[in-house]
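In order of appearance the chains are A, B, C and D, and numbering begins at 1 in each one.
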Amino acid sequence: MINKQVASAAEAVADLFDGATIMIGGFGEAGSPIELIHALIDQGARNLTAVNNNTGSGEVGLAALIKAGRVSRMICSYPRTANSTEFPKLYHRGAIQLDLVPQGTLAERIRAGGAGIPAFYTPTSLDTPLEKGKERRTINGRDYVLEYGLTADFAIIKGRVADTYGNVVYNMTARNFSPLMAMAGKITIVQAAEVVAPGGLDPEVIVTPGIFVNRVVEITHPAHESTLVAAGESYP
Amino acid sequence: MINKQVASAAEAVADLFDGATIMIGGFGEAGSPIELIHALIDQGARNLTAVNNNTGSGEVGLAALIKAGRVSRMICSYPRTANSTEFPKLYHRGAIQLDLVPQGTLAERIRAGGAGIPAFYTPTSLDTPLEKGKERRTINGRDYVLEYGLTADFAIIKGRVADTYGNVVYNMTARNFSPLMAMAGKITIVQAAEVVAPGGLDPEVIVTPGIFVNRVVEITHPAHESTLVAAGESYP
Amino acid sequence: MSEQKPTGGRTREEMARRLAQDIPDGAYVNLGIGIPELVAKFVPVGREFIYHTENGLLGMGPSPEPGTGDPELINAGKRQVTAIPGAAFFHHADSFAMIRGGHLDLCVLGALQVSQNGDLANWSTGATDAIPAVGGAMDLVAGVKSIYVITQHCTRNGEPKLVELCTFPLTGRGVVHRIYTDLAVIQITPAGFQVLELSPGVDFNQVQERTGAPLSPMADPPGVPKMT
Amino acid sequence: MSEQKPTGGRTREEMARRLAQDIPDGAYVNLGIGIPELVAKFVPVGREFIYHTENGLLGMGPSPEPGTGDPELINAGKRQVTAIPGAAFFHHADSFAMIRGGHLDLCVLGALQVSQNGDLANWSTGATDAIPAVGGAMDLVAGVKSIYVITQHCTRNGEPKLVELCTFPLTGRGVVHRIYTDLAVIQITPAGFQVLELSPGVDFNQVQERTGAPLSPMADPPGVPKMT
């Protein structure tokens, strides 16, 4: 019968491949699936395109993945956060590409990718340097730019509770991009602090229905990025 | 301080105007805001464009609004339901226009309207009679049609519980179009079986955040359309 | 013309049971209104399917016991249903994101006509006095990974439903993968209709006579279904 | 060049307090990072504002008491916050639907430059060695009903931030409605910058001298704010 739970973060990311596009949940540290990212560092896939609002901080989580040289391209709205030191180093020596996307456009492109909408129009970025290369169109007297849906080979996200069907609920502002990335990932992998049997979540409050999720791993006490950074940790 | 609760359904719909576009929540009878629709019949606005997945049944709710001659145009995916007799009568004598929209395109157009997306591409309706008049475009080797966002002057919807800030949760499959219509209505009016103070709803489970809602009215025991139809009721 | 019907043809329930055998374990399935709804009655032993209904429920269960239903827990056909443990409710945009975004494995639909290249007509006969109604059919055929049609092989008047070209308005072009009728299981291939299996007691010529386009005979017997 | 600053200019907190007086009761407000965050400290008596933070919270409350914060309850500036009774959490697509869809009444942003026609530059100086970072600024200016800028009138080097034409890369064209500086409250009008109010102890000429484009003097004093 259907059971999407896998035994470990390592098993969950075992088939990630070189050159994959990977969406990583989180806004700053809130919702960052640190244990899955660390498993991905151990796993070794290279030349990744990573999609995240930021670029991580310190030398753990996403920043550690970048430091390890595994990410060749970042799709991102705000790569300049407090304690973000690894991305700038690689960026300044030309070792990582940056696709800068306005935050709301990034969210909508991911949702569109997951929803089978190949492209949409938005007013965001009009008349700015980020309009460059985009098609412009006037609709009902106002100008808009064309943006394309974004999908990924993998999405790795963090939930609060998941069931073995893959239904997920989140914790406060750790929700952010994760439900969208779950829709847009061909393989979506969730780490949750608690994994329960089907029926353990109220069907009215599920944020990500299980159809969007392929694998669930229980990480009972996920680390907080800021705690690790404050402790001077680095991974591996 | 902010309190969106109004005393009655009549007060909630008092400013509806002739010629308005009005989105009406519900899929069949599930989620149909019958008491608000009946208040609208009493209120008297005419020449309405109504947006609903169906056209109501019997002689109550949406079907009664249609029977009363208030709706000059329906935007709808499935106007042919069991016990739907009023719409066919008017349609066959040319007294009501029909814009037939595929169900998923209707949902996405309403969401787009509420989300400030003026237009999007979708594969739905390609190579069918409903493609007629739509712009076609090839994206990554597949063809799509262009669809436009849909907004309304008013949205009237039914929730299970609302708070006085306008946050709403729904009941099972009565959710359907209502959260989307709440986003797309310039004035969104919610009838809820229970209205509570802010804090009475868990912020993690709110489906419609209050920013999308303008007025809330408590209708403690909303009627079910099928019960009224079975009892042979008609409104007014 | 029902007297022309081969005696060995499958009943509606047998058609539904046969189709269910081809659904892989763990599949997310949307069932259209009519004969497709019967498929839910026949889950093969050892398999689990999760049913999606486009009005906002994943994990649809069977009809409620009499007197226990809720008019706000219904399926796309507006009939009262139940929700299984592990179900989820969501709004229409999320529901059609599942459909359009290719997240559903299979949709089973009825048909008025299917053409040999997989065109489907199932929403309108084009009659000018009929009120057009489309619902989610065009979204389903545009988005779901596999589209199976389940239908009587011929209309009540004995006209073939499997045809060279659809004469009724299309639901989608080239969207059908496989057809389950009372007479046969038929695959849409680049070369047109191919018989995968004949119903018990039915022979190839009987099916060909009742089909409006050429049929290729069976090549290999179909294997155990697997998720693609 | 800080010795050139008029002695009567408002402090950052006074600027924030002054801006808050112009927010109508019941407004949904998004506050940018920096001086804009101070606005939340000054809700006028008898009014209630609901703060939106684009990372997924409507009903943002003040900073938590020391030791009670949660790293998963943060604002757009990634600082720990609280949620008021009646708050709601949602994902980024819904959050930016609120922004892009015109549901927010007001957004208060900082600025590098504002031009006399309301162009805003607030995300990049265009320096080639800087890492570009935009966040939600372009979405906010494209979607929120009113955009108020709160900023020092001049840069630390004494250069005017209110200019004829922005030389830095734009966040949006013609998007700013009003500017609150240490020296004045200035409206963007079809005729350019118009002074609505001078800070206590500041005269018109002092403001004009520090502005890179012509200022029109005040016409009528601003009235009580109302929701538009």
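Things worth noting here:
Following the convention adopted for this analysis, a contact is a pair of C-beta atoms (placed from the backbone, for glycine too) under 8 Å apart; a residue touches a chain by one contact, two chains touch by 3 or more.
Quick caveat, the model's predicted, so the values are computed rather than measured.
The minimal number of chain-to-chain contact steps leading from chain A to chain D is 1.
Shared contact partners of chain C and chain D, listed by label: A, B. Here A-C and B-C were compared by C-beta pairs in contact; the pair with more is B-C.
Seen from the Cα centre of chain D, the chain whose own Cα centre is farthest off is C.
Averaging Cα coordinates per chain places chain B and chain D 36 Å apart.
Taking the mean of the C-alpha atoms as each chain's centre, chain B and chain C sit 30 Å apart. Contact with two or more other chains is made by residues 108, 111, 115-117, 122-123, 170, 172, 203-204 of chain B.
Shared interface positions of chain D, i.e. residues touching 2 or more other chains, are given as 83, 89-90, 93, 96, 99-100, 142-143. Under the stated contact rule, the graph of chain-to-chain touches falls outside the line, ring, star and complete shapes. A complete list of chain pairs in contact reads A-B, A-C, A-D, B-C, B-D. Interface residues of chain A, counted against chain C in their complex, comprise 1-2, 111, 113-117, 163-165, 167, 183, 197-199, 201, 203-204, 206, 209-212. Looking at the complex, you find that chain D touches chain B at residues 25-26, 28, 48, 50, 52, 58-59, 83-90, 93-94, 96-104, 142-143.
Residues 53-57, 70-74, 78, 83, 89-93, 95-96, 99-100, 124, 129, 131-139, 142-143, 169-173 of chain D touch chain A in their complex.
Taken together, the chain A residues at the contact with chain B in this complex read 108, 112, 115-123, 137, 139-140, 142, 144, 148, 169-170, 172, 202-205. On chain A, the positions that touch chain D within their shared complex are 27-31, 77-82, 87-88, 91-92, 98, 100, 102-108, 110-111, 122-130, 170-180, 207, 224-227.
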